[in-house]
Amino acid sequence: MNNLGIVKRNITRADKAAVEKLSRFGVATIHEAMGRVGLMKPYMRPIYNEAKICGTAVTVLLQPGDNWMMHVAAEQLQPGDVVVAACTTDNADGFFGDLLATSFQARGAVGLIIDGGVRDVKDLTEMKFPVFSKAIHAKGTIKATLGSVNVPVVCAGAQVNPGDVVIADIDGVVVVPAAIAQQVADAAEAREANEGDKRAIFASGVLGLDYYKMREGLAKAGLRYVD
Amino acid sequence: MNNLGIVKRNITRADKAAVEKLSRFGVATIHEAMGRVGLMKPYMRPIYNEAKICGTAVTVLLQPGDNWMMHVAAEQLQPGDVVVAACTTDNADGFFGDLLATSFQARGAVGLIIDGGVRDVKDLTEMKFPVFSKAIHAKGTIKATLGSVNVPVVCAGAQVNPGDVVIADIDGVVVVPAAIAQQVADAAEAREANEGDKRAIFASGVLGLDYYKMREGLAKAGLRYVD
Amino acid sequence: MNNLGIVKRNITRADKAAVEKLSRFGVATIHEAMGRVGLMKPYMRPIYNEAKICGTAVTVLLQPGDNWMMHVAAEQLQPGDVVVAACTTDNADGFFGDLLATSFQARGAVGLIIDGGVRDVKDLTEMKFPVFSKAIHAKGTIKATLGSVNVPVVCAGAQVNPGDVVIADIDGVVVVPAAIAQQVADAAEAREANEGDKRAIFASGVLGLDYYKMREGLAKAGLRYVD
Amino acid sequence: MNNLGIVKRNITRADKAAVEKLSRFGVATIHEAMGRVGLMKPYMRPIYNEAKICGTAVTVLLQPGDNWMMHVAAEQLQPGDVVVAACTTDNADGFFGDLLATSFQARGAVGLIIDGGVRDVKDLTEMKFPVFSKAIHAKGTIKATLGSVNVPVVCAGAQVNPGDVVIADIDGVVVVPAAIAQQVADAAEAREANEGDKRAIFASGVLGLDYYKMREGLAKAGLRYVD
Amino acid sequence: MNNLGIVKRNITRADKAAVEKLSRFGVATIHEAMGRVGLMKPYMRPIYNEAKICGTAVTVLLQPGDNWMMHVAAEQLQPGDVVVAACTTDNADGFFGDLLATSFQARGAVGLIIDGGVRDVKDLTEMKFPVFSKAIHAKGTIKATLGSVNVPVVCAGAQVNPGDVVIADIDGVVVVPAAIAQQVADAAEAREANEGDKRAIFASGVLGLDYYKMREGLAKAGLRYVD
Amino acid sequence: MNNLGIVKRNITRADKAAVEKLSRFGVATIHEAMGRVGLMKPYMRPIYNEAKICGTAVTVLLQPGDNWMMHVAAEQLQPGDVVVAACTTDNADGFFGDLLATSFQARGAVGLIIDGGVRDVKDLTEMKFPVFSKAIHAKGTIKATLGSVNVPVVCAGAQVNPGDVVIADIDGVVVVPAAIAQQVADAAEAREANEGDKRAIFASGVLGLDYYKMREGLAKAGLRYVD
């Protein structure tokens, strides 16, 4: 049996307009708009603070210490794609550096999400190629064992299918299934509008206790004020 | 029995002059001035490098995945307070974001120390609302279960009582019991003066071995120089 | 028996020209030039992003919570040295701060690599004294138990002998044995030249698959393209 | 949008004969038979050494600190099922104890895999109810927020769909998709037969170098024997 | 200022009858009876599976790599006491072994809870001296720096005051403040009785959904059953 | 340059008599006898409680996810050897199982120390082949990249040279350089004799405070007894 060694060429990417709309919102907003699901684990951090990504996923399943599939993935990239790299085991080697970034950028990719390590961080920062990773590690990798490209993967605790929208900013990384991208974008828009109003209200000194009418619920739950 | 669901309204805050004086010193200095106690664990990190806090603690005991008590705490805040949020279990959800920060800031709070996650970090940075946390995580929280406000808590390994002074900077977070705040501030001042002198001495090439008269002690302990 | 309490005064430092040449290359390049060995674990991070070190190792073996040996090490420093501090057990206390940094800098040291904690990070950053550490921690240390200076140590998973060249940048920390410093520097130079060419090629859209002639190997390994 | 709060009642369980056949093999063998995929992370450990599970997955998506959905899942259990519980965030609370185990056992469930904590371990051991978990923790949970039952989940890094076969023993936990259960069972059987032969051969002193004919490959890769 | 170097000789131990009553219940039951507070973190594990402790706390605050205060604590022990050892920083050295255990046992101590390491585990197991620790580590410690005995400490995330009741079993470690020991014991007794009934009910096939009347609440929260 | 791909055939093993003598003592005793150095990190745990190893090291440097070198190492084994396997990066894959154990046992090896994962733990336990590892993991490995055999390695934080004596028991793993094996064995013997006496003394109620004459030192350090 062989569940590895597969490259799927034709994937259905999320609708471009939905991706564009999702790019206007932050990760926290989109995660809320989806009903509080879809987040990667918080150990995924940007290599520089301003890093921000919104694109359609080309997925890669790596083997530990081996970045062969990253090269295979490069050929499958289209403008607007983000590479989402998982690994068959926990491994923080430096699977990715400035040369692969140059190649990915030449294909129009907008960033990398990797449940592993990256290196050449100074170059990547200068190139403004955003990467969210588990680690920064100079450790080199080999090209010897097959993984897969564009199969469903689990990356940093989140299920990612090829073509899904992946959004990343300083708050983390969220995955929006392609099928509901437009719906989530609309929900995020509604939520965002609402937030702006709230900010002004809370700035004026109104308490969440009153604005959200929490006092009754708290009392019912048994909250006791003591002196 | 019910050890949760309590909000203490009247707490004794540390003396304002002592707080002001403590605000002039760094965390390392204050920790030394107290006899090397009172530090939180080093996983507590600022969300931006320049973040600095010195204020009187309003404590919150959270339940995992639930930020209801943060809203209850907001009402108890007075100018100069810092919210110190602990949790009944390890949990890195995003209990706090820009809206709560707006509310806290409107009440005069000077920052947040949370043994959990925060989100909306870009907004918080722009608002210059300093936060020290265990994680940055977009994960949303609910409002369903009671914790407490202004009870003694253990936050990141440190005991914090309501009204204690909490000082945070890039070196970490230290807690000064209200009762000894003035005494610690005085000790910190004495220590700081002393440090300035030392810096010049060491810059001139004098060794700590000589300045601190360590050579005899080292020899007595058996230190051997070999070629 | 006594394996501790030793200070070796005369150590053979790597050739100055080799050190100078190594200083021109990044950690990832040097690690590759050595055949992918010599790296410390990726938990070693710079206290500020621009930190960069290249120098000859003066090694220190610390005891937990005790920085006595740091003072002993100071006397052994020569211009161009980097202090590499290991500990007899896992410990993240703040073994090092601005006063020791002043002393080290006065002796000509170019930085510190420590498998432990540091403090006074704001001062160290202003002094431009680069430090790579496991943690930032205000926790103070004592001066009571002997360790050693200039003995072989294991620091963050890497073997370091006194006099070895240690190079550190945002990608991590690499150790080059003194005996092969020139050879590694030459190999790094060759590799770097080669990299520059590649960057332009990949920027033009050539794929690694073609440039490295990977297609045959991948097919032979059984890679299948599906639609 | 609402991705939570769903209970799927009719799921397609893997073929009973395939499950029975898979139950004869260990986790390592099955993982190899699948082409080295499908494993959960190694932090998943049995609560007692002899614990062994092979059953069809009823999946649960929990909220942190909340085990409401475990009760909902109980009703969906059929004889031979194993409950696979994931959580929307990292949380090690004690979601499961002897009462739920009694209920699960009464329904014919054969065990629990939980990316969280369990308690009442002494009782569970006496009941011979096998559990593989991330932690043992007495921390109690509430019943306040909806998760889901029988939706696809990511548990300890592995994708699990309802009805998949889950096998667990002292070597870890592996997930076999229902659709390939029979095929994997057959491959495992073939592999196991083969292993028995090998054990005798290696016991007689034959080296893997010779048995697997590795010497040529090693020489070609450049292996050098030195004295 | 000096917050360390203190030995409090006269402490108020929890009532003997309450301690005896608490010893009949498990950690999970007692934690629930207290309203779900008082637990140490789940990394605290017994050195052998059958280890069980119930006693009154003599607290120790250790310095990293230094077990001097363990000897000081020994003199303060009375029959029925359990030593609860915290440390001023994270440190897993082997602070405790068979000799100290012999000494503690000679004084009537019933066990040790230590947020650090222990060694001589084989001997401790044979002596049936129960220990719950963060680590097993052969690393030796020194006797050079003062900590304190019988001051309030934070051990594995829990506040412990001298004289509190500490109960430990395979589910973890829980701390009951001396002042409420009797009350908690009574609540635990009530809870336990209740549990026995429930076990039989669930064994008969009754679901928690029905027994706890959860269906209405779930429906109200929006739970949807789909096919 | 090529620092990998080397197999050293002729190594100098520690003196047999010294190894035999060291086998009589526990890890904690030997570590103390060496002056408190030589320990591996405490995450190294036995796969079964009774596991105990004392032998001469044949070292292996593995690549992540690749156990090719384990087979190369097998040929270098002599009766009484213990395999000490390090990896070029952090990796917990299952590098070792029952077949390699059979092969190692056939060559006379007495155990395995591996800074990685193992599998087939049930078989290994039945074979009574002792293994100390970082993890238990079913994850399979490949045979594609060269590492080395019988070169100096860093394993779980300890430097190990081929031929060194490695002793492992439930307290951890300690490495004794071949050159001082006899000296350490003698020191351990002296220490052990001494311990037996002490155990009886402490059992009689004598305090360490008095036996070790600590009271004066404590008083001098400033210890204060309060009521």
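In this document, chain identifiers A, B, C, D, E and F correspond to the written order of the chains, with residue numbering beginning at 1 in each.
Going forward, contacts are C-beta pairs under 8 Å (C-beta built on N, C-alpha and C of every residue); 3 or more make two chains touch, one makes a residue touch a chain.
These numbers were taken from a predicted model, which means no experiment stands behind them.
Visitor: Chains touching subunit C and subunit E alike, please list them.
Guide: Neighbours common to subunit C and subunit E are B, F.
Visitor: Enter the minimum step count from subunit D to subunit F; a value of 1 means the two chains touch.
Guide: When the steps are counted carefully, the minimum from subunit D to subunit F is 1.
Visitor: Which whole number of Å gives the spacing of the CA centres of subunit C and subunit F?
Guide: Inter-chain centre distance comes to 27 Å.
Visitor: Roughly how far is subunit A from subunit E, going centre to centre by Cα mean, in whole Å?
Guide: Chain centres of subunit A and subunit E, defined by C-alpha means, are spaced 41 Å apart.
Visitor: At least two other chains touched by the same residue of subunit A: list those residues.
Guide: Expected reply: 2, 36, 39, 88-90, 92, 137, 139, 145.
Visitor: Could you list each pair of chains that touch, in label order?
Guide: Contact pairs between chains: A-B, A-C, A-D, A-F, B-C, B-D, B-E, C-E, C-F, D-E, D-F, E-F.
Visitor: Taking the touch rule as given, give the residues of subunit A at its contact with subunit D in the complex, in rising order.
Guide: 1-4, 33-37, 39, 41, 88-90, 152, 154, 157-159, 180, 183-184, 187
Visitor: Under the touch definition given earlier, write down the residues of subunit B that touch subunit C in their complex.
Guide: Residues 26-28, 31-32, 36, 39, 42, 45, 169-172, 174, 195, 198-199, 202-205, 207-209, 212, 214, 217-218, 221-227.
Visitor: For the complex, give me every residue of subunit E touching subunit C.
Guide: 63-66, 88-93, 137, 139, 142, 144-145
Visitor: What residues on subunit B touch subunit A, complex-wise?
Guide: Where subunit B meets subunit A, its residues are 2, 5-10, 68, 71-72, 74-75, 92, 94, 97-100, 102-103, 105-107, 117, 119-122, 135-140, 143, 145-146.
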